[in-house]
Amino acid sequence: MKPTKSLFFIAGALTLFAVFAALVLMSAQTVSAIAPAEAAQQDLKDCLRCHEQPAALWESSPHREHNVSCTVCHKLADSAGTHPETAKYTVESEETTCLVCHGSASKENVASEMAASQHAAVGLNCVSCHEQHSQGLKVASEARTVCENCHKAEMRNMVESTHFAAGLSCVNCHMGDGKDHSMNISASTCSNCHTDLHQAREMLDAGVEVNAMANPKALVTQVPAEQTPPTAPQGGVHLPAWVYALAGVIIGGVAAWAVFGREPGSANRKKP
Amino acid sequence: MQTTIHRPKLQIGKHNVDIFPYWVGLLVAGLLFGLVGAFTVLRDGLQVTGLSNRVPWGLWISIDLSSIAMGGSAFVFGVIVYLLRLKRFETIGKLAVLLGFLGYSTAGMVLLFDLGQPLRFWHPVVFWQPHSLLWEVTMCVVLYLTVLVAEMAPIIVEHPFFTDHPLYKKFPVVKKAASAARTIAHWLHKAGPALAIIGLTLSLLHQASLGATYSVISGRGVWFNQSAPVQFVLSAMSGGTALLFFLGVIVFRVMRPGTVEDSALYDVARLSGGVTLLLTYLRLWDWAVTNYYSFDRNISLQTEALNAVAPYSLSFWIGQALLPIIAGSVLLAAKSIKNFRYLMAFAVIPIFAAILMRWNYNFSGLIAAPTYAPFTPTIIVNSYAPTWVEFSVAALVISYWLLMFSLAIRYLPLKAENER
Amino acid sequence: MTEHESKQVNAEENAGTTRRDFLKLAGAMVAAAGVTQFIPSAKIAARAASEEESKHQWGMLIDINRCIGCQYCTFACDAVNNLAEDMRYCVVTTETTQSGDEFFLSRPCMHCEEAPCVHVCPVGATYKRPDGIVAMNYDLCIGCRYCQIACPYEARVFNWKKPIKLSPQSPTFGYPEVPNRPRGVVEKCTFCSHRIDAGLERGLMPGVDSQATPACVVACPTSARVFGDLNDSESPISEALANAKVTLRLREELSTKPRVYYIPPDPKAENPFQGS
């Protein structure tokens, strides 16, 4: 064999090997993509050993249902070493994490709805409202709904309203059935229920709602008490009355004794 | 030579009752009640008090400041006896040392309960932070208490109660220990003048830094006051000396007649009167400087707020200006008044004025606190109501003070050196 | 006597110089301590060394115009430090401008350069780290609460009770990241120094990488908070400070030199949540 030929042979073999290797690697990736359940199981086994709290939230989440496990969002930061000691898992930006699935490619297209919203305009992102592990809503301990975290004044009005009494909440109008993340109210928002004034009347007259609406405040009282700013208490140091009485008795006693008492001790004596 | 100690008796019908056991019984009851509170606070922590993040210092700190003020006569008489060598005050000086010891040990005790971590009370002694005024106060109190103990020790160790005790005779070990203690006491006693001077420095230093503790807190308006250290020293002198006079009459005229000349007692009263007038003069200037010659928005807002919730200005004008002027003048004229009843009654005023001043000082910056709002600085009025635990611990330390004092004046030989 | 006099004169002249005077006094006392071997001199040395500045000086900028008062910073802080609701380090209040417009003021610890709390602590439990963070040593603190009284920003909280098991904001806003503090010590915002230290170790940049940035900054949905190294002109905070037309610090008249800057409310800026 001529040297050129053998070179070709080696190059060809290498190419073949490379292609083969690439195929194997790719297939391995496809495997992990088409068999997420196993990957999820593996993740759970590994991650759960330490990270119980996030795992507990994840266990009952939509992500869990669809086998979106830890490593889908948490990527191993590229640094040498092994996980707990040196290498760490991190989450990159929302574009490369949430929007991979919930982006414009998906059928929900949450991303573009969100982008069109006022929420996006003031800088909010997915995790502003969604707890990332449970994908539930981030309701602060002093709020009733996630909206109330920020829209406190609106919520104060809302709980006084007929809508609230009828069992509706913010999202009924602002998102609608389609869970529109742009939060916009469209022309059909009102007319969906109030097709005409008479029907509105009928709805008012219909059973449960009527009772609820007869006394909307009754429902209001069932929700956690409004966080009223504490009425400014009368400040100062509050001492019980007996302290003043005691001070009075001491001072009065000394004064009375000074006026009516006897001279203390015996008269002036020279030192012996 | 043994002085006869007269015991105050109460005439009930035909019986002549020694009230001492009943008095001690009452104090022991107070101690027991106090121990309940002390136990509660040590077990449950400071949540059982009425203190909060907004008013973190309360009744106990006021008691602490006041009891240190009540020990203020110790350093005054340290000067008089050891530096000026006025022999006729030596016996009174012993009583002053006793009052100093009681005042400082009471303060230490109540501070212990006020700490969030009482077991770490020794930390300031080991972990130094000399920038801190509180550190300085703590160190001074610790060192000064040591000095006072050293000054007290000879009186106690040489007491016949110990030397004549049956146990003492039975066990040679005890005897040896006691004689060792006596040697030390004797040695300390020799160092008396030096101790007194050290004590004087420490005491002056920290009476002043108690005031400075508050006056360096620039964020709280009324506290940020440069004359506070001087005011604290003078009020401790005036209140402490007035207390010394009051108790001195009881001890040296009623219980041990003949040990001290009346004229010496009059001089104590005059000293107290003089310092009271000086303090009042300074207070008035201080008032003028902060309220009249300058205007600080925070201070005026704070004063306004305090006046709305308490008779703050009134307590100043009556309790710390008018009455002390009267009392100071009367006490200053002790020699011509020559009526112990009147003098004692007026001596109560500087005592209460010193307590009132510390009370007001402690609470004024806490109750009316400036806020950090950037454009519309306002004053928040906080409130504080002491709980029973705080009163109970207060009862503990006050009972301790009274009990120790009662036992000491009944049993200890408070005598000048040359009379031993 | 002389010590006393010099101290008093000083106190009367200017409280600001009192400190210098105490330093002198301190020098004498430290010398005395060296003789008596009362304190390990290594401790003094350590403190002296810690006064040298480190490469980084952390700071924060809060844009009041962006703040919508949602308190996410508070909740994230509660969750990370495991705080009960009455122990909050970071609070959001509604304040008014001189013209009466309402705005939200979010207040962490200012990490003052001349921190009153550091100066007053009698045992040195509160100290300044070389990187400018005012930190606490919970093993030293005796719970005297002098620092609470000295802090002009009400930034310190005392552990009146035993620590709670889990903050009500957890797990929604995060998980506890630092050990609980015992009852009877004072605690405060740490600028999440645990995140900063761990982040720097891993080569992350606090203020840029969220794992190394204080939880409140990360949690803020409107990015009203900016964090970073004041010494580094490229850092997000230096840039934000350079771009800001006007900044202010709270109670600047006290010369505490806070490390937390604010962009004051601009009446022209549109903030849909203002005044709610």
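Here the chain labels run A, B and C in written order, and each chain numbers its own residues starting at 1.
As a convention for this text, a contact is a pair of C-beta atoms (placed from the backbone, for glycine too) under 8 Å apart; a residue touches a chain by one contact, two chains touch by 3 or more.
Everything quoted here is computed from the prediction, not taken from an experiment.
Every chain gets a centre from its CA atoms, and the centre nearest the mean of all protein CA atoms is that of C. Interface comparison, A-B versus A-C: the pair with the greater number of contacting C-beta pairs is A-B. Remark: chain B and chain C have CA centroids separated by 37 Å (rounded to whole angstrom). With centres defined as mean CA coordinates, chain B is found 56 Å away from chain A.
Note on chain placement: the centre of chain A and the centre of chain C lie 26 Å apart, centres being C-alpha means.
Counting partner chains per residue, chain C shows two or more touched chains at no residue at all. Looking at the complex, you find that chain C touches chain A at residues 66, 68-72, 75, 85, 168-173, 175, 202-203, 209-211, 221-223, 271-273, 276. The part of chain B that touches chain A in the complex is made up of residues 249-250, 252-254, 257-263, 305-306, 309-310, 339-342, 344-345, 348, 352, 363, 367-368, 381-386, 391.
Chain C contributes residues 1, 3-4, 7-8, 11-15, 18-19, 22-23, 25-26, 29-30, 33, 38-39, 43-44, 93, 95-98, 105, 107, 116, 118-125, 140-146, 148-154, 156-162, 182-186, 248, 250-251, 254-255, 262, 264 to its touches with chain B in the complex. By the touch criterion stated above, chain A contacts chain B in their complex at residues 232-240, 251, 254-255, 257-258, 261-266, 268-272. Only residues 53-54, 56-57, 77, 79, 86, 88, 90-91, 118, 122-125, 128, 131, 133, 138-141, 149-154 of chain A touch chain C when the two sit together in their complex.
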